[in-house]
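A short write-up of the structure that comes next.
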Amino acid sequence: MAELTYREAVARGIAQEMRRDENVVFLGEDVAKAGGVFKATVGLYDEFGPLRVRDTPISEQAILGAAMGAAMTGLKPIAEIMFSDFLAVCFDFIANEFPKSRYMSNGQTKCPLVVRTGNGAGSRFGAQHSQSVENWAMMIPGLKVVAPSSPADVIGLLAASVRDPDPVIFFEHKSLYAVKGEVPDGEILDTLGTAKILRAGKDATIIALALMVPRALEAADILARDHGIDCEVIDVRSLVPLDTQTILGSVSRTGRLFTVEENPRLCGWGAEIASIAADECFYDLDGPIVRITTPHIPLPAADNLEDIVLPTPQRIVQKIVQSMN
Amino acid sequence: MKKPAAARARKAAPAKKPSAAKSAAAGKRAGVNDDIGADTRLELYRLQYEIRVCEKKAYDLFLQNLVKGTSHLSLGQEAIAAGFAGAMKPGDKSFCTYRGHAHTLARGVPMEKMLGELMQRDNGLMRGKGGSMHLTSEEHGVMGSYAIIGAHLPIACGAAWRAQYLGHDDVSVCFFGDGTTNIGAFHEALNFAKIWNLPVVFVCENNLYMEYTPIGDVTAVEHPAADRAPAYGLPKIIVDGNDADAVYRVAQEALEKARSGGGPSLIECKTYRHSGHSRADPGAYRPKGELEEWLKRDPVKIYRERLAEFGIKEAQIKKIEKAIDEELDQAVENCKAAPLPPEEIMTTDVYADGGWAWRN
Amino acid sequence: MAELTYREAVARGIAQEMRRDENVVFLGEDVAKAGGVFKATVGLYDEFGPLRVRDTPISEQAILGAAMGAAMTGLKPIAEIMFSDFLAVCFDFIANEFPKSRYMSNGQTKCPLVVRTGNGAGSRFGAQHSQSVENWAMMIPGLKVVAPSSPADVIGLLAASVRDPDPVIFFEHKSLYAVKGEVPDGEILDTLGTAKILRAGKDATIIALALMVPRALEAADILARDHGIDCEVIDVRSLVPLDTQTILGSVSRTGRLFTVEENPRLCGWGAEIASIAADECFYDLDGPIVRITTPHIPLPAADNLEDIVLPTPQRIVQKIVQSMN
Amino acid sequence: MKKPAAARARKAAPAKKPSAAKSAAAGKRAGVNDDIGADTRLELYRLQYEIRVCEKKAYDLFLQNLVKGTSHLSLGQEAIAAGFAGAMKPGDKSFCTYRGHAHTLARGVPMEKMLGELMQRDNGLMRGKGGSMHLTSEEHGVMGSYAIIGAHLPIACGAAWRAQYLGHDDVSVCFFGDGTTNIGAFHEALNFAKIWNLPVVFVCENNLYMEYTPIGDVTAVEHPAADRAPAYGLPKIIVDGNDADAVYRVAQEALEKARSGGGPSLIECKTYRHSGHSRADPGAYRPKGELEEWLKRDPVKIYRERLAEFGIKEAQIKKIEKAIDEELDQAVENCKAAPLPPEEIMTTDVYADGGWAWRN
């Protein structure tokens, strides 16, 4: 056991996989010599050298295109897109190339690669550097989509993503990089498509992702202590594949579903889960499904404004209390 | 596919402007000291002829509503596909656009498989799942046909990167049109290929038009690819794309350069499409007489004439043509008789496990 | 009254607005001299000339960027992105530029423009030319999103979009271009943010968009005739602003909600509406909310396969019957 | 902003390589026949000085945690902002990047408004909603600062298109870094500007680095912007970006060309940033001594020296400096005293109606 930051976990996860498999290569802007703008890839260049850890120009389409071509022909590339907002400048690869070539070629083409990207708000960077865009990937058939909330999950899910034969979009939360957590020694390998019940409860199910996970847990503590409401908290971890069994199982037990989403509201991942629950466990529901999200607005830069637009433990508590009464 | 003799390419001189280049060498050629040789020439002709008749057939089938969706023919551009495929080695990789029939055939994919895909039958290359714009045959090195302009240029870089990293000696060849030189991915890919010194050859088939808009109307330079080469530290290479020999020589040289660690090339082939952009486009946007001028420089016609100049017998040529004609007839029959793709493949091969499950 | 095709309605709608306002300009690939690859803009170049109707290079980023810069400084550009799938090559403008500049500048910057694009399946074009991607726009705060189903709506909603002071993404359905409909004479101006009840019914609400609208209507006829189920059919028309009053009003009356979506399932517009209904009219619901969508797969090219992946009237009927019994 | 005398620009000769260009003209200048003149020179100095001290203050405030989020300083690049702003007319439009403090100030935005935004206070230019990377002041012609590399190049084309269409005579000027020349939008914008002959000036501030990676490591040509100009039918223009006079002359010429219907220009300014890329970046990736070399060519320092060479009195200079120092002190006080933005503006101005309603 060691205590690592989420940031250190990224580097350790990549290193673990690069040591295991020589075909794992890594590319992105400022990722090699400088160790990444979030310092999440420090040490990799020194250990694996300039042929496996490569700095690129500011050419996101070339980064993802090159990753795809390499993946199709035998390598296992990990590509970094510095901020997830920049997925927009290379979205053709995300939406039209990675996820469709296998299908269109009737199974001839493979595309085993991982796109890592810094996602989410909290750094006061403003509307073009703070978005939560997991739904940009989730809505595209053929991708897998992962977003860990703890250092241990970072390593295990990153390893699973690298070993996965399909294209995986891996969202790291910028506001979690400095967060510490216990990490087992030795190789860590987790499983995509598995949600985790982090807190058992009988009155309501709260589903959260990434930065919203600690906030949901904090809210659950307050709800139990101050309001006598006993919430089950689930960390979705992987949006595709989606562990609907764990989610629907919980909702069936508790009868209530709340999602806590950092994304602006429309078509967020919570909408999809809500629609699944409203269909498949409708008769187990005891009350409305409520989504707690960032309002459907671009993000403000100012710290006091940014702090109030994202779901906070207080807002989660208030919404749940209001809806449960 | 029969491989042409591995004759070393001569230094390719930039072609004269097509209008002026009109069989300048006719009658002057000698079979003896020729760098290409009869076997290769016959193969280059065979490829061009196969593409020509198969594309014509595809158009007929489209008019009969047997080719579904869309189709983008390479009539008039056969020499480029033949010249490159003739020079490529078996492990080399082709990356094509929606206008990819020619390159797919040229790498050895049987006509039946291609036409089956155009007809969206179960015997198609991808059993109808991809359609004419996405022809892929990895076993022949055809790494896909891409229908969104520009995307496959960076992808070809990636395949070349893999070759470089693993020490493989194959080259990735990426074909695209003149219109593609104005999209962002072109720029990113060219710079990337150069700085990483990748074994990739970018081939611009300049057929003078995007869909309906003349490339000259929307491009800041005269030669949309070649005039951009210096922006990526690359030499300007222009070749007569209607002359399979010229293409073959330039291709040999670029492939050899890439294979030996010399890095990427960007080659602009001047050509013209005889048919419309896609489907039943009548090409009404063309100035009167333009097509007629280019038909005089029909690559298949001039190459057939050249074979005679080099002393190749009409009977040899006829034999090749007949074999292809017969194969094509049979291919069409087989496609017509082939069943539609079965419904169950609708959801296969989304993921590597063969299925499409996004949930448990 | 005249009978026009949906395709002709596009040209008439643009012409109506260009006649009204000299600041309306139009740009895109092959849109001018050739009249568009779908022939939806035939005649505009002849009427308005080369300064107002402009052919561009294959530079989607330049098209949208130029439209934005012109819109910021006083023009009212209409930009065509030929196939909606290509929004992926210029997605930065859709996701990060158009919708955020007004907010980030605290109201200084305006962006009144319309992006028209050919959307949807049915042409056997395969996975990169057939997608329904309304959710790519709907999920982005700051945009407006419109998708008409009839020639009259095309004109009225296009006019409303051109006169709107905000960026509007206008999805034309490729498989509707040849469909005819009655269109009133004279100027037509509709209102964004208004859904239309196309068929009144008391047993269930079916919500549909674009090509799915005629299919939902056909299904409703079959359901009434063969199964005694009386469905209300709503054409959403505008995803943003969303006419939740009409939608929720209907669901409250009928007690059942079905969405018919052409998009692959995950995070489609129907998920958002389902999540709103599951929250705001939960207690009016008499049964599960069911979404009828294209499966979450890339689209196949083959005609027989393409025909079965999209929701058909038969599938709609079957799903509703199954769920209502 | 006081406008410099409308002296016509001389033909700008490409600058010598910065390392060699070291105040070559020192002592050789005559005040009499000078094309720029004392008033303009004082204004160019004033702008550079204001940017310099305000950027230094921003850094101090960042270290005190009073500037929130991030900030990208133009220390060392002041001459470019001053030279261009000095040559621009009131209606001209500036399009900036996240590294936009300098250009924003240079167009006349008060320091308080800018620092207020960096400090995310209610007195900021955008009341804290945009933050340091998105400085916008339409009343000063600052049409926004864009934080996603490349996007504002096509946007600037659009503003220029509007001017052309409406017959306005303003010019759009678009500033960006060397790293930006490798992204697709650069390519699309340059070609587009040229074929539509738009009144837009593209200004590449080549400070030798992207964030931490030297531009030379990832670029296929030596001069990332200038060497690409011919790919868009444009002349190669390189200027010493640390010499405000040289920048001013080139700017004058390009603006005049654009204004008179001559179309776009692409100008590469050679410069260096004295500080790190952003926030507290120590710039550890720089070779030893590089910064020191460039500090010798500090644009503010050399320009101040030049003023003396042209006979401008120390007292005049001091007066300018003092006025700015005082304004800055006051600005900082005001910002510190300013309230945070009120919560209710969190949802204003998403749409033109002032609100954010996406539903009824």
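Chains: A, B, C and D, in written order; residue numbering restarts at 1 for each.
By definition in this document, a residue touches a chain if its C-beta (ideal position, glycine included) is under 8 Å from a C-beta of that chain, and two chains touch if they have at least 3 such contacts.
In this text the structure is predicted, and so the values were computed from the model without any measurement.
Participant: With contacts counted as defined, which of the two, A-B or A-D, has more C-beta pairs across the interface?
Facilitator: A-B
Participant: What's the farthest chain from subunit A if centres are computed as the mean of the Cα atoms?
Facilitator: That would be chain B.
Participant: Please work out the Cα centroid separation of subunit A and subunit B, and write it as a whole number of Å.
Facilitator: Chain centroid spacing, subunit A to subunit B, equals 41 Å.
Participant: Return the distance between the CA-based centres of subunit B and subunit D, expressed in whole Å.
Facilitator: 46
Participant: What whole-number Å value describes the gap between the mean CA coordinates of subunit B and subunit C?
Facilitator: 37
Participant: Would you mind listing the residues of subunit D that make contact with two or more other chains?
Facilitator: In subunit D, the residues touching two or more other chains are 127, 129-131, 134, 146, 148, 150-151, 182-185, 188, 191, 195, 217-219, 345, 350, 356, 358.
Participant: Counting only residues that touch at least 2 other chains, which ones in subunit A make the list?
Facilitator: Within subunit A, the residues that touch at least two other chains are 56-57, 59-61, 85-86, 88-89, 92, 96, 103-104, 126-128, 141-142, 240, 266, 296-298, 300-301.
Participant: Tell me, which parts of subunit B touch subunit D in their complex?
Facilitator: 150, 182-188, 190-191, 194-195, 217-221, 227-228, 230-234
Participant: Name, in rising order, each residue of subunit A that touches subunit D in their complex.
Facilitator: 29-30, 33-34, 37, 55-61, 85-86, 88-89, 123-129, 266, 295-298, 300-305, 308-309
Participant: Which bits of subunit C are touching subunit D when the two form their complex?
Facilitator: Interface residues on the subunit C side: 25, 51, 54, 56-57, 59-75, 77, 92-93, 96-97, 101-110, 112, 141-142, 164-166, 193, 240-245, 276.
Participant: For subunit D, which residues are in contact with subunit C within the complex?
Facilitator: Going by the criterion above, the answer is residues 93, 125-127, 129-131, 134, 136-138, 143-144, 146, 148, 150-163, 165-166, 172, 184-185, 188-189, 191-192, 195-196, 345, 348-354, 356-360.
Participant: Could you please specify the touching residues of subunit A with respect to subunit C in the complex?
Facilitator: Subunit A reaches subunit C through residues 85-86, 88-89, 91-92, 94-96, 99-100, 103-104, 126-128, 135-136, 138-142, 240, 263-272, 274-275, 277-280, 282-283, 285, 287-291, 296-298, 300-301.
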